[in-house]
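Next up is a structure, given as structure tokens.
Which chain is which? They are A, B, C, D, E, F, G, H, I and J, in the order written, and residues in each are numbered from 1.
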Amino acid sequence: MLFHVRMDVQLPPAMPVAQADELKKNERELAQSLQRSGKWRHLWRIAGQYANFSVFDVNSVDELHALLTSLPLFPYMKIEINPMCRHPSSVRDTDA
Amino acid sequence: MLFHVRMDVQLPPAMPVAQADELKKNERELAQSLQRSGKWRHLWRIAGQYANFSVFDVNSVDELHALLTSLPLFPYMKIEINPMCRHPSSVRDTDA
Amino acid sequence: MLFHVRMDVQLPPAMPVAQADELKKNERELAQSLQRSGKWRHLWRIAGQYANFSVFDVNSVDELHALLTSLPLFPYMKIEINPMCRHPSSVRDTDA
Amino acid sequence: MLFHVRMDVQLPPAMPVAQADELKKNERELAQSLQRSGKWRHLWRIAGQYANFSVFDVNSVDELHALLTSLPLFPYMKIEINPMCRHPSSVRDTDA
Amino acid sequence: MLFHVRMDVQLPPAMPVAQADELKKNERELAQSLQRSGKWRHLWRIAGQYANFSVFDVNSVDELHALLTSLPLFPYMKIEINPMCRHPSSVRDTDA
Amino acid sequence: MLFHVRMDVQLPPAMPVAQADELKKNERELAQSLQRSGKWRHLWRIAGQYANFSVFDVNSVDELHALLTSLPLFPYMKIEINPMCRHPSSVRDTDA
Amino acid sequence: MLFHVRMDVQLPPAMPVAQADELKKNERELAQSLQRSGKWRHLWRIAGQYANFSVFDVNSVDELHALLTSLPLFPYMKIEINPMCRHPSSVRDTDA
Amino acid sequence: MLFHVRMDVQLPPAMPVAQADELKKNERELAQSLQRSGKWRHLWRIAGQYANFSVFDVNSVDELHALLTSLPLFPYMKIEINPMCRHPSSVRDTDA
Amino acid sequence: MLFHVRMDVQLPPAMPVAQADELKKNERELAQSLQRSGKWRHLWRIAGQYANFSVFDVNSVDELHALLTSLPLFPYMKIEINPMCRHPSSVRDTDA
Amino acid sequence: MLFHVRMDVQLPPAMPVAQADELKKNERELAQSLQRSGKWRHLWRIAGQYANFSVFDVNSVDELHALLTSLPLFPYMKIEINPMCRHPSSVRDTDA
């Protein structure tokens, strides 16, 4: 089941660099692990923004919520979710 | 080069059904042809909306504009474009 | 799986009364049938608006989309969807 | 009498963890007590957000205001209220 | 129980003058009758707008919804409702 | 001359409780004095908000501005003003 | 007493040219007469818009409302009003 | 050449009173000097707001920008500019 | 003197094709003539939109207004204007 | 390939002047170097704002993102990007 997610990150200006780096390193490791598992199906940087467009493939809304709230940067994110389904004109099997 | 596109379709209520059907049939044929060519890389329906999220892979902004304005439903669409690039945490070769 | 849906209905002023009545009658029958099946779990009128708040309990996003687009009033609705999950402080078994 | 309420919580980044935990614990206890009393009829987490959709069943606007402002997290919430009434197509007695 | 209501009226430009006059005459009669009954407690014109601020004093949300939807101009109104309660600094008995 | 005013109060989270209490006490005293003088004609709490709807009856815009800026909480308020006049359908002498 | 008014005019595309010309001619005559009387103190065109910024000097809100609603183009205007007062740093007697 | 400018001032809550007073005093002196020179043609307080509506009469956009950025309160202002021209219905020579 | 202008064109769906073609042909001729004269300094299509970003170089706001309102498509445009000046970091003589 | 970019800068009020000056000096040097290389094709100040309109001419979205995120002021900017293409009515070779 596919969900389109936009995440905008805003770290507090006063956060020490070391803490920010640690957060980003942990975020990256978890993001890569979730991509390899197939749960985080697509991940793109939005040009000029500290933000991404993502597509998640999960079994339930609860699983989506658990994944998003487990992200180290979650407390600093504005998140926007749109549920998606197969488009009737789609010809690509992996987009279902 | 990747562009994230959201298209919202709004047909005039007074459009005859036959004309709408013809437009949609032509739109679908072109959409499928562009997907097979690799230019229209992803196409998903946004749940509960007459709208889609798409990802285009084109060589230039001019090519993107030409593709979008060639769509039969273009005159009835509200279109929102975001240029995208590879995310530094992406592990998926086909997302570049 | 729960989805919160807000539907705002806007019928064209020029629609003949008989056509509007037929649409509303069919909408009501389908809405009641879907409520009895358990798919449309809650349905409330928003005071002073031709609009409702609803909760759907479906097995997938595809099912949600199919239900919403089958509504006779769908072409005249603005729809807003929010996926929901069980709240950690909820004590009510039927809210999961 | 039913009121639909959306609550978005935003704790100040500088709040000590112990204070936040204490607030959340007290919030949970009061939320559960109000649910058991029947005043807080529904409570759902909005996926990906530190926010909830709720339905309150109260005897007056004054009672609603007193309940909301008694919540320990109230000073950190953005609250949006919509009064609701029974939908003419509802078949569910407990939604009145 | 008090509700603050803002109503903005927008008649279709194509509506015949006689029909508009009939609607306005009926609206005025009902509005005056509801004011005399005490249900429509205050009614002010917003300067420079075809709009009003009103305060309704009703026994329930259902009653409020029934009153608003009975107005002849209801199909042409955008309505915004805010439930109100007595202000702790109010000294005016008739504002409760 | 009537002005409809909405005031939303937002105290800085870091303000000491004693300072906030002093401000609120002074605000209340001035608000009650202005109500008794007839200048602040109506004052209602908006449910679930630290905000009010008010109606002022003043002789000039200058007087309105002087009253609002004299409020102890003024520096912490977002204020929205709408001039009002007698509604042609009003039957209530005290609403003019 | 001064009120700042922005008026945006939107004539229906289907209005016959002769009717539009008649409306504009009457609007201009009334606007000039009100300027000469001192009630419509300033009138400027907003560049690139079918819109104006105006300053009215009236004795009451009722007078302002009566003037605005008497304009031939009033039914086709979106109007935004801000009450103004003398600025403490103003040195210009005619701005009070 | 005329420009309509709205300035909204927002001083940081933590700014010491003496610093704020100094800024305001310098702002006032410059504002009065610019009014006397004819560059700052009108200046009105917006009622209930720490904001003003102004009209500048300058020889170029560069001059306007230089004037605005020279204001002591400029770093704390939100500024909105609309270029204006003589209205075809204006009868007032000094509004050109 | 430079002005940044965004124009969004929206032709009425019911406009006959021949009329639209005539308008567009005249618009193009005038646009090209104004570019050659140096008044319309830049003109770009916004990708995926029936809209453009333009830069005008004019001697006054009145001249800008006269140019814009002389465009055949003016009645069907939404126009947004921002006055610009030389950037202190600019190295390009032709951007002043 | 052309991209229209608007950048709004907001430095934290608490940033020491020396740090701000250093950032601005570095920003200016890089901006001028990028203009000389032809990548940053146009740069204008928006009047009355700490903001600019820019046009970038790059070979890819990745290059655009790399340039923008390399700017010393990037962490303090709100950035809005619109891809552009040659306008069919353009007569200026250097706008392609």
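Here, contacts are C-beta pairs under 8 Å (C-beta built on N, C-alpha and C of every residue); 3 or more make two chains touch, one makes a residue touch a chain.
As the structure is a prediction and not an experimental result, all values here were calculated from the model.
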Minimum number of chain-to-chain contact steps, chain D to chain J: 2
Farthest-lying chain, centroid of Cα atoms versus that of chain B: F
Where chain D and chain G are represented by their mean Cα positions, the distance between them in whole Å: 46
Distance between chain centroids, defined by C-alpha means - chain A, chain C (Å): 28
Centre-of-Cα separation between chain J and chain E, whole angstrom: 51
Chain B: positions in contact with at least two other chains: 2, 45, 47-48, 61, 64-65, 81-86
Topology of the chain contact graph, where touching chains are joined (line, ring, star, complete, other): other
Pairs of chains in contact (touch as defined earlier), listed by label: A-B, A-C, A-D, A-J, B-C, B-I, B-J, C-D, C-E, D-E, D-F, E-F, E-G, F-G, F-H, G-H, G-I, H-I, H-J, I-J
Complex contacts: residues of chain E adjacent to chain D: 1-3, 60-62, 64-65, 81-86
Partner chain D, residues of chain C touching it in the complex: 2, 4, 27-28, 31-32, 35-36, 42-48, 52-53, 55, 82-92, 95
Complex interface listing, chain A residues touching chain D: 5, 12, 61, 64-65, 68-69, 75, 79, 81
Contact set on chain G toward chain I in their complex: 13, 45, 47-49
